[in-house]
Structures are given as C-alpha cells and as structure tokens.
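For clarity, chains are labelled A, B, C, D and E in written order, and residue numbers in each chain start from 1.
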Amino acid sequence: AATLDDVKARGKLNCGVTTGLVGFAAPNANGEWEGFDVAVCRAVAAAVLGDPKAVEFVPTTGKTRFTALASGEIDFLARNTTWTFSRDVDLKFDFIGVNYYDGQGFMVPKSLGVSSAKDLDGATVCIQTGTTTELNLADFFRSNNISYEPVPIETNAEGQQQYLAGACDTYTTDASGLASTRATFENPGDHVILPEIISKEPLGPLVRHGDNDWGDVTRWVLYALIAAEELGVTSANVEEMSMNTTNPEVARLLGSEGTLGEMLGLDAGWAKNAIASQGNYGEIFAKNIGEETPIGLARGLNAQWTDGGLMYAPPFR
Amino acid sequence: MAEQAKALQVSDEVAISIQGMNKWYGTFHVLRDIDLTVYRGERIVIAGPSGSGKSTLIRCINALEEHQKGLIEVDGTVLSSDVKNIDKIRSEVGMCFQHFNLFPHLTILENCTLAPIWVRKTPKKEAEEIAMHFLEKVKIPDQADKYPGQLSGGQQQRVAIARSLCMRPRIMLFDEPTSALDPEMIKEVLDTMVELAEEGMTMLCVTHEMGFARQVANRVIFMDEGQIVEQNEPEEFFNNPQSPRTQLFLSQILGH
Amino acid sequence: MSDTHAQTVTYVRDTMLPQAAPPSTAQGPVKWLRESLFSSIPYTILTIAALYVIYVLLSGFLPWLLGGVWTTSNIRECREVLDGAAGGCFSVLAERWNQLLFGISYPQDGYWRPTLAFVLLFVAVAPVLFSNLPRQLLIVTALYPFIAFWLIWGGSLLVPVSALLSIVIGYVVYGKLVKTSFAAGLAGGVIAAAVVWFVLSMMTPSLSGVLALEEVASRNMGGFMLNMILGVVCVSLSLPLGILLALGRQSSLPIIKMICVVFIEFIRGVPLITLLFVANVVLAYFLPPGTSFDLILRVIIMITMFASAYIAEVIRGGLAALPRGQYEGAESLGLDYAQSMRLIILPQALKISIPGIVNVAVGLFKDTTLVSIISMFDLVGMIRGPILASTDWNGVYWELWGFAALLFFIVCYGISQYSQWLERQLQTDHH
Amino acid sequence: MTTMSDPQQGSFRLSMLLNDTRYRSYTFQFIALVLLIALMAFLGVNLMRNLAEAGLNISYDFLGVPAGYDINQTLIDYNSQSSNLRAAMVGIINTLLVAFLACLTATVIGVIAGVARLSKNWLVSKLMSVYVEIFRNIPVLIWILMIYTLMTAVLPAPNAFRGDNATSSMLFDAFAFTNRGVYIPAPVWGPGSMMVVATFILSIIAVVFYRRYAVKLLFETGKLLPTGWPTLAILIVPTLLMFFIMGSPIGLDLPALKGFNFRGGIQIGAPLIALWLALSVYTGAFIAENVRAGIQAIPKGQTEAAASLGLRPKRVMNLVILPQALRVIIPPLISQYLNITKNSSLAIAVGYADITATLGGITLNQTGRAIECVLLLMLFYLTISLSISAIMNVYNKNVSLKER
Amino acid sequence: MAEQAKALQVSDEVAISIQGMNKWYGTFHVLRDIDLTVYRGERIVIAGPSGSGKSTLIRCINALEEHQKGLIEVDGTVLSSDVKNIDKIRSEVGMCFQHFNLFPHLTILENCTLAPIWVRKTPKKEAEEIAMHFLEKVKIPDQADKYPGQLSGGQQQRVAIARSLCMRPRIMLFDEPTSALDPEMIKEVLDTMVELAEEGMTMLCVTHEMGFARQVANRVIFMDEGQIVEQNEPEEFFNNPQSPRTQLFLSQILGH
C-alpha cells in the first residue's frame, strides 16, 4: 500500500479531477487538462516524478470521486472537495490541506429579480448530487422554513445546461464553482450570485487514510506552493533563488540546504520542480481563477496570512 | 351403399350458379371464364392437376377469395362485395379444409358451438345439443370435451365436418379433406362424407380419391389451367374421357 | 358456353382459353393504390393521417438537415451564419469529429490505428457470419484479436506475437494429448501455453522497442471507439463463457447445475447498471489489496458476465432443440462427453443459436452506452460531458444526439438485418 | 433399490474416482464445489482484509440515519430529516411507479404498432416498421437523454407564462407544459365525494356484470345485447347524476403560476416524463414485434375457417385469433415488463429519484456505504425479477395447449 | 439366400451373457430377471408388444441405460460402472436406431470416420478407406460427400449401419431399424442386414418384420411386460407358439 512507490514505479500520477469546471479542471481544445486543481496535481507529479506532465487525469463526478480514490484507481483527488468530518473520519480519507477557502452560494438570472437567497421560497434548485452542497441546501431551506424543489444533476455541465434552459430557477454550488460556471456563459452579466454564503466549504486535495508517507508528500507539496508565495519564490526566480539565497528557509525549501527531500523520499529538488513548473500558489491562483481571468475571483480569504487571509504554511524546518 | 347414394334425386332448383367468372392473382390469370351450375342435391367432384385452380374456385364460392369478373350466385344471393351478402352466403355454405383448421384453444364441443352461438344466435344449450347430434353422426361424441390437439388427424377432420354441419349449411365445400391424412384415417373421413351425400347434401369436393368420386359423385369436373376442361358423369368420365388432357391425367392417377 | 344441366352433364372444352390481362381495377398502380391505401373509408382516413404525420416530421426535419451549417468553429458563429433560419449546427460534428470517435485522450497521430482495426474487423468476422466464404479467411479471424490489440493499445508487436505463440504451442500440445484424454489435453495445453508465455515475457521487455507503436492506456480509449471495443471484446469473451454456462445448466450433476442456474438467474435478474456500479465501486474490495485493475478492465469483466448469462440462455435453447438421438448416437459410437459435445452437439446447437446470439450482441452493444453513467467517456459520455459542457458548443443538442443515434442505428440495424437474413437462411436449409 | 451389482464391489481403488460412473460425477461436483468455495473464500478474505485496511466495516446502521437530502418527486411523506431507509422506500415506490406507467403505455403503443404493422394499408404498415426499426436499434439511454433534452430545452420555462406579454400559455387554463414538468389539474375531494366515487366504482362493476349478462343471455336465449353504448351509459350517467345530486362535491385544483413555479394541481416532473416516454416508445417497439409475431404465428387457416363459418372479422379476432395469439404474446410481453423495470434504473441519467438514484446513488455517496447499498439494490431487483418469472411460469403452465 | 444365411455356423463362444438382469425406471419395473446368452455368430430377433421393454433391453447392453441388478457380460467384459469397461463394450458393440441419428452437420463420410478417428485413433486416411469400404457394402459410396438431409430415409438408415460397422464391432444391435421407413425403403435396409447376417455378424434385432426373422434369425425372443416369455427357432416360433401371449401377439401381427 505504499502509494509513493507505486507512483514512482508507474512513472505516472493518477489524479482525480472534475469532469469539467473551467478554471479548476477542464480539458482545453487540445485535450490537455488545465486549471487550479490541475496545477496541484501537476505540482505533485513534478515533485515526485520530476515531470509535471506525468499525470493521468481521471475525470470524476461528485458521486464517483470517493470510490475512485478508495478503490485505488486514483492516487490523489484534487476536485474542489470540501473537507468535512465524515469524509475525513467515516469515509477514511485524509485531507492534506486547503487550497481554496470557499462557501456555498446561489446564482440566479438577473431577470428573476431575486436579491436574497431567502426570497427563493418555492424555487426550483439545480444541485449536484453526492456533494456537501446538496446537504447544506436541505438544511438551509429547512432552517429558514421555506420550500424548494431540487433538480439533481451529476455534473457541472449538466447543471449549467438545466439552469440556462430555465429548468431550474437557481443553481447552487461552491461560490467559486458558480463564478467559473458563470464565466462560460454567453452573457455572464445577466446572472448574479446572491450575497448569502450558506456554508463553509474549505476545498482541498485528499488521499486515502492510512498511507501517511504519501499523505506527507502531497501535503508538503501543497505547503511548498503556499510557502513559496510567502517567501517570494516564483517560477521565474526559483532557479536563481535556489543558487543564491540568503534566507535559510528558502534554501531548505528549494533543497540547496538540508535534506527535506530525502526525508520525504524524494530528491532534493522536489519543491523546486513543483514551483518551477506551476509557479507558487499566488501565480497559480492568478493564472487560473484570479481577477485577470474571466472567472475573476478575488483572493479574499485565500490571501496569505500576512495579507489578512487564511493561507498559512507551517514552517519548513 | 354406392348405389343408394347415386340413386338420390337431384332437384331442378339451382344451388350455385357461376357465370363467366374470372380471377387474377396479380397478373396471373388463375380462373378463366368459369361457367358452372350446381343443382340442389348434386354431388360434384372437382379434379385436376396441381395448380389448376381447384382450390381457388371453391374458395371464390364462399368469398374467401375475391373474383374480379363474372357472377357467382349462391342460393339466389349474388356474391358482391356487400358484407351482408357475404355473411348470408357463408352461413349457407360450409367449408372443410385440407388441414382441418380446428381452433386449438377450444374443446371439440366449443369448436362446434362457437359459430351457431355467435352467428346464428342459437342458445348455448340448443347449440350443444345440435353439436352432439352431429358429433354422433361423425362417430366421436365421446371426444367432445377433449382439445383438437388430443385427437388423431382423421378424428380432427371429422370434427371439422361436424363443425361445418352445425351451421346447418345447405351446401358443403371440401378442399382435399383427406390428403393430409394417413391411409387408415382416410377411410373414416370418406365414410362420413358418403353418409352426408346419402342425406342429399349439395356437395362440391376437390379430391383425388377416385373411389369416392365413383361411389358418390353425380358429376366429375376436370380443371386445367384455370378452366373447366371436361365434365361428365363419373362412369363416363373414368371409362371414356374425351379430352386428351383428361386422359393424360387419368392415366397418371390410376396407374399410380 | 356450356349448357350444363343435371341431365346432360357432358361437356368437353375444345379450345383452351389463353391467359388474359386482368381488368385495370385488378392490376397496376390503380389497384395498388385502391387496395393498399384507400380500400375503405377508415383506411382512407388512416392514410391521410399517416401522410400528415410524415409531412409534419419531414417538414421539421428536412430544413434542419439540409440548411445545416458545417464549417463554423463554435455555436455563436453558427447562429450568426444561420441568422434565424432553420438549420442545424453540424459544424460541431466536423470540429469534434475525432473526439466523438476516439475520445479526448487517444494520441492524435494514432487515429489510423483504431480505424484500421475497425476495417479489419469486417474481414475477421466475415467468414464467421457468412458460411459461404472461403474457410481460409478464418485464419484472419484467429489472428485478429492479436492484431487489433496491438493496433489499439500499441506497444511492441512482440507482446501479442508471444501471446499468439504461446496459444499456438499450447494448442499443439493439447492436440497431441487430447487423444488420450481431454483433461490431460486441457491441462497440458494450458501449462505449455503458460510456460511459453512466461519464457517469452522474460525476453520481451528487453526488446520492447521492436516494432513498437506508441502505447495507449485503456483509460484513454473513448468515444464511439470505446463502445465498439466494449461490444466486440465482451461479446467474444462471453461466447465461450456462455457455452460453458449453458452446458453446466444442462448438466445432470446437481451441484454444477445449481451453480450455473444461480449465476445465470442472478445476473439476469439485476440491471446492468448495478453491475457497473459493482465494477466501479465495490469490485476493488474483493480483489487482493494492492491490485488495481483499471476501470475499463473491470467494466469488461462485468459486461462479459452479463452477456454470458444471456448467451447461455440462448445456447441452452439451441441445446434443447437438438433431438435426444444425437446424444445417444454419439454415445453409442463410444465418444466421451467432451468429444460428443465438441464434435456433435455444440456445432449443431450453436448454429441454431446464432440468430439469438446476434440479438444478444445487438442488445449488449446498445448497453455499452451505460458506461457513460459511471463517467466513462464513450460516445454518449463524450457528448454529455466534454462537448456539451464546452463553452463552444453548449446548446447544440440535436446535432450531437442525432449523430450518436445514427451511428448506433447503422450498426444495430445492420446486425439485425443480418440476423433476420440468417434466420431465413436457417429456415430454408434444413436439408 | 439395489445398486448395480458388480464383481469389483468393495475393492475400492483411487482410480475409480475418475473412471467409475458412480463416483466420477461426485468427483467432478466435489471439484466444482471446492473451486467455488475457494473462490468465495478468496473474495471473502480479500474483502475482510481490504475493509480492515481501510478501517471500514459492514453495517446497515446508516439506514436509520437521517438522509439529509431532499427528493423532488415523492409519493410518500419524505423530507431531508427522514431516514435513508425512507429515502430507499421513496426510491422503490418511484421505480415501481415509472415501471408501471411505462408498462402500461408501452403495451398500448406496442399493441397498436404491432397490429398496424400488419395492416393492409401500405403506408401505415411501413410507417410502423420505420418506428419499430428506429426505436429498437438506438440505445434506450440515448432515447432517455434525447427526450429529456426535448423536455428541458424545447418546452418553455414557467416564467414564459408570466406577465402580460407571456410567450406561452396554458392549455384550457388547466394544463401547463413546462420544462420542469407537466402540471395538470388535481381533483379536490369535497364532502360527499365518496358517494360519487362509490357510484363510479359500482358502475364499473355493473359494466362487468352487464357484459357477463350479455354473454349469458346470448348463450341462453340467443339474444345478443349491444355492449358498446350501454357500457358508456352505465359508466357515465349514474356517476354524473350522483355528482349533481351531491352538489358537485368534487372540484378541480387548477395549477397556477405562483412565485417561481406553478402551484396546485399535480406536477409530473420532467425526469419522470422523459423516462416514462422513452421506456414506453423503446419497449413499445419490441412489444410491437412480439405482437406481430404472435398474430402471425396463428396460421391463416384459422382466420379462413372462422370466416367460412360466418364469423365477422371483429369476432374472428376476439374469439379465435386473440385467444391463441395471447398465449404466444404474453410470455415475451412479461419479459419486456421485466426489461422495463430493469431499464428504469437509467433514471439516474436524468435525475429521477428511483431506487438506483436514491439508495444506489445519493445514499451510497453521502454515507460511503458502497457494498451495503449495492447489495440492497441488487436484492431489490432480484426479488422483482424472480417474482415476475414465477408468475410467468404459472401462466405458461396454465395456458399451454393440450396435446396428445 | 435365406438358407445360406441360416446355414451359417454358430460358434460355442459366448458373445453376450445376461444373468438375472433387472431394471427400474423410478419405481416402474421395466426389465425383470432377464437371462439370455448369445453365442458368437447368432442372429436374434426380439419381438413383443409395445412397451414390453425390448428397446430397454438392447440399450442396456451397450450401457445407454444403466441396469440396477444382475450381470451383463459382453465379449468377456463385465459391464460395470467403470468408464473404461463401458468404453470397451461400446467399441465392440455397434448400434442402429429407429431414427438413424445421423449427424446432420457432417457429411456421410465424416459421419462414418468420426468415431474411428476420435475413439479408435485411426489415421484419417485409413478411416476414410474403411468408411468407403462399408459405404460400398451398403451400396451408397457415391453419396459419401452429401449431407444426411439430402438422402432418403432408407439411404440414411444404411449410412447408419455403415457408420456402426466402421468401428468394426463384433456385435450389432438394431432397434426397429425399419419402422420409420416407407415400405419401398424397408427392403433396401433389410437386404443390407441380411448381407451382414450372411457374413456371420452377431446380431440382436428388435423388429416386427417377421419375414426378416424367418429368413435370417436363428432364434426369436418374445418379450412381454419386461420378461422373456418365449424363445425358439423361427419356424417353431411362428408355426407353433407355446405361450398364449405369443399366440395372441402373432395372431395380431400376422393377421394385419
């Protein structure tokens, strides 16, 4: 059950992603996967195998993702998955951290004239099955004592279809998912995301419970990306920084000092490879979902702790 | 017995009259200018090579096939495409098929009472009595509650005859009623038919049983290529055929 | 005219009438129209209703089909070109052609490989389907699995060649031993094949570059190709399994019979979807820890089991249709069970069963679309997932569904026509 | 009974296990049994180890835990606080509902198409062949998805009915066809409505008795009563009378646009309709083939014999052809019903909450109890199919034609 | 010819010996205490009413049916449940069925070579030569490449005989080999059997062809209700039956 050895032997990382959520994970016209979650997969591959392209992407739905991971079909699941108690404890997975702090929101057409989620009494709601949002939705409406009709769907693509066809009045999922879905609309301006955020959705990658070595590897790759931003290491300057840095933590991170890589069972340049290929956390964010992209998400909670956000990597020591 | 059957009176009343009747299957001319008058009480045997149109002729008479030209009149009713007329004629004319065509999902008794009840509106009880009467006549009253599948071929054909008789037809048509039977059973069925003949039923019978023809027919009609080629009394027909075709046919059949 | 009367019946025709042409009402288009379309008032109403239905269908369908646009690169352009006119955006088919047929991740320069395998498939099945073709073609059939495997999955040619070699050697050994006893033959054959395979597979890795095509992992198969692969592989695998199950179910040994009955009835009692769920979510729990089949393999296992249960029932019908005398004839000549099955019973039973097997195959092929529900990207999965989700083609439903329906229709209709032809053939040639 | 006496009896040799007909069947069965047990043990041990390794266990406690999710179409009381078991019940009922509806319509479609395919009207019979060939040669999943797309993408959304310049309008102000489903009026049972219903039920019974009486009268006296219009009259008149006597106790609750959706009336969700229609037309094509084959299996001689006895075409059909054809048609028909039930599991593709979607889908996912859920799911389908084939066996025994 | 056949020497060597053999179908006692010794070269005809167990007796001899009590010894091999013994006996004993049971998917030649090749391990070439030899003997060498479906019933039965002979059996069993045939074809088959008899083949034959029995048999066995009721030389048997049952049976058969 040593996943790390399996991955090395195989020469490829099997990484579970969504079936398509632009900005997070979606194949482009050439069939290459791109996105925020994809970058994490590639960073892990770069760190473990030295090659960011050595990844098999396995598209999963909200329903199939956990069985894919549990059955060993994938080694690593990076699919905007919410860290919850039962998934961690009961389903026997280990979340290795949080790469996006999110919450559940609602999107409605402007023409509907709704300005608050509490006005949605009697609405038809598109909802992905097998997700936390499905459960939150039930709780939200019940606690507010209003009614709704769920339209269960399997994938974001279907949700988008139904929503645009007017088969549901509102679409609810993680706010980031809503933003990315809206970005693909012909007229994104015709739709608004309601102000209520009805839940906490800390999204993070996860691995099977019990293989702590593999858990450590992936956890620290993620932290390496976050720490890199904090320490000012970018894909552009990583080579240079690894040669001549005065900051001992940067040196340890990039493998020019200490044996962190060895301790993980990787080579010394593990973090360097990851950062060089994907950039640091901030770069990844900006490139895939940041304000410059059509998705246009602000850093908000996902800013570094030094900027008042929640991104906080433990020390590399 | 034969003598007795032959001696029966043939009345002057016309039972079936066919005039200038023609039939085509697509462009194939099956029946050509058929003229035939059958008197009440006549017993006619139709013979001829395979494909000569014997079955077709018989089936035209009770409107199982449509004819395209000419006139068929049965018991004074002209056969037209009028459903009423067809119904009338069919209830006058009974028909017996080569393969019996009993209804396998009904008992023998039900087979016999079905049409009297639904067509003639005979009360069931009465219909059953009639049916038993005719079943006795064909000598199988004890099989009344069995299903057709449980009877032998000869018994089935006799039931088929009884079934037709239950409608009290004035004319019976037989289309090779014995040719699907084993030799022993042929006799059973022919005996039944001879008895019918003795009672004066008007009968048209397609058959190659020349013995039967000799014994009961008062006319034998020979068909070839859709036409009536020759007709005569049985003795004459067999002993002294006129047309060369008839001669050829008889030489084949009898030599066999 | 004859002047028949009861008393003077004698009549002889002296001139035979010739064939005459039927009256115009009894022939030609007039008769056809009258009889097949307007024979009575209700029929006429029906005809008019049917004509109306046809008109409605065609008037909706034809402009859409004929006015279609084939060359735009996304739905917005297409709508612009159409400018409100009726017409389909068939450009989605042109633009996503390869994805529809081969999925998203099959190597782009390798499309010729599955295409070639597909073409060869016809050569390979032809001698099986049409018994009047030269028997030598069966060699192609026997080689086909290896060629197709190599073409589609790639890798060194040596792998399928050594598999072929070990099977051939195994068969030779079997042939030598089977005369003494079937069990010995079978065991010897299997062992020989295994040994050869083992020896050869020690050698092949060092030669992995020889005649190698780029390797493609199973999970990269997609599109219609995936449906074809699943259909062909599962039907061929389920045939032998189905035969064994059918024989087992006919067996006089109660335990073996019971095992087969339970298996067959169980499989036939549950929907394929639940079996696919098993493949997807629970099968891994039943395999030794650490083994991880890829999903396609698991799906193939489940679909094969599914198909074999149905095929077993078809073959059982074929077996039951054989007269007892065939079994006794074989037995009285001293043939043992294996021999009489192989030489006498199965050749006849299988022949009777072919139409039924073909029907199962068609049903199975249609059912391969169910894999899209466990998020595999077969043709239906491709359409529901990546293509309809993409910003470019979001909203082009009918063109895509129509295309998928058409592909399946062509294949299934073709096969079912074949099976009907075969049934007619079988009906006429019982000698 | 003694066994075959033979001289070697008693002297048992090992080779006899393979060579002696008395023992070798036991040998083979023993081997088969051992192999089976070995396989079971192998799977079982793996399961144990895998579960232990993952720290899981097999337990059905989750069935009692609140499900946490909502279901849109339920025939029994259900909310997100109901247990998973209750959710499974909802699923079972929904499966049975759609299967029942689809069986009904598929039969109607199939019978009509099958009979029409034999019609002498060339156009009609060709049209039906085209229907049959098209529908049975395209996967049912594609039909389900197409019809669902048709529902959601072509029908108007409820807000198209809104406002002064609404683009869509309701049919008779009572029926609304929207992309979320179809809304039809629902009856409202006022006081006294029970009387009306009771009258109606009594009328149905009366019709049955009337028809029996008609046949009996025919059998007894040969009088044939008309059955067509009296049936209609008995069905309608007393009920209508009672309805007015009781002061129109049954009202209609018409659907009306309120808020986001139509409220009132009965809503038939789009997924249900898509599934129902698709299963009906798909299976209808197969049933049409069965019906056609069944009728064609009756030899032409039967029709001719009946006709030559003077029976009219309608009677020939009812008294002679149908009773025979039904024996041929019903067994494949029942297995088509079984197929419908199994294919209804494709509900999951359109989000209809059948048993596969609730127990095998959401519950499985939210609880992670994969093995348990799949097991229960299979058990359910197995029960249904075994009971149906039991019924079929009984039927086959009862109707088989008596032969010599 | 008959005289010639009869004149053949019957050796003292025992071919088949049956002692106290009993068989039950479920609880139905089909064969009761059968004792029978057949010498090499003997030609035995078994007769008896339908259901008397004739077929069952014959089928027990080559183990198509299992017997439950008593001893059957064929050519010195005791029939036990040992597969080896069964195989040995089956290759000594040829069997001919009422319905021929040819394999319709194989040509005549293949029908004949199948068992020699697979059971006797004869090389194919040699097997084909043998087969042609016997096909010539039954006078249909020219049909070798046809399929059974293309032959007439009589020809099929002769092929069935040839097929058995190809295994070079020392004993032949016939179970009503002519009763499924048309009268003309019966002669063909009987002729073949007479020839076989002339060559000294040990034969057991269930048949109602009394002519055949008279001509070739040197013993006729009469069975009823699962027991051997009477056995005798044909002349004696036919002219002077002892048991009343035999008398009754013969009166029915001969009077027919």
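The definition used in the following text is that a contact is a pair of C-beta atoms (placed from the backbone, for glycine too) under 8 Å apart; a residue touches a chain by one contact, two chains touch by 3 or more.
Treat the numbers as computed from the prediction; the structure is a model and nothing was measured.
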Via touching chains, chain C connects to chain E in a minimum step count of 1
Looking at the contacts, which chains touch chain A and chain D alike? C
Which chain lies the greatest distance away from chain B when centres are computed from Cα atoms alone? A
I need the rotation angle between the copies chain B and chain E from a CA superposition, between 0 and 180°, in steps of 5. 165
Maximum distance between Cα centroids and chain D occurs for chain E
Which two chains have the most contacts between them? C-D
Indicate, using Cα centroids, the chain positioned nearest the centre of all protein chains shown. C
Centroid of chain B to centroid of chain C, CA atoms only: how many Å? 53
Roughly how far is chain D from chain E, going centre to centre by Cα mean, in whole Å? 57
How far is the middle of chain B from the middle of chain D, if each middle is the mean of its Cα atoms, in Å? 50
Centroid from C-alpha atoms only, then distance chain C to chain D, rounded to Å. What do you get? 27
Got the chain A residues that touch at least 2 other chains? 1, 67, 70, 154, 161
Where in chain E do residues touch two or more other chains at once? 83
So chain D residues touching two or more other chains come to 53, 153, 349, 364, 370
Those chain pairs that satisfy the touch definition: A-C, A-D, B-C, B-D, C-D, C-E, D-E
Residue ranges of chain D touching chain A (in the complex, touch as defined): 53-56, 68-72, 79-81, 152-153, 156-160, 179-180, 258-261, 263, 270, 349, 351, 353, 357, 361-362, 364-368, 370
Touching residues of chain E toward chain C in the complex: what are they? 62, 64, 83, 87, 90-91, 94-95, 97, 99-105, 114-115, 118-119, 121, 147-150, 163-164, 167
Mind pulling up the chain D residues that touch chain C in the complex? 25, 28-29, 32-33, 36, 43, 46-47, 49-51, 53, 119-124, 127, 133-134, 136-142, 145-146, 149, 153, 342-343, 345-346, 348-349, 356, 360, 364, 370-371, 374, 377-378, 381-382, 384-386
Note which residues of chain D are touching chain E in the complex, please. 1-8, 16, 18-22, 24
In the complex, chain C residues that touch chain A: 76, 99, 104-105, 217, 219, 280-281, 283-285, 289-290, 292, 294-295, 374-375, 377, 384-386, 388-391, 394-395
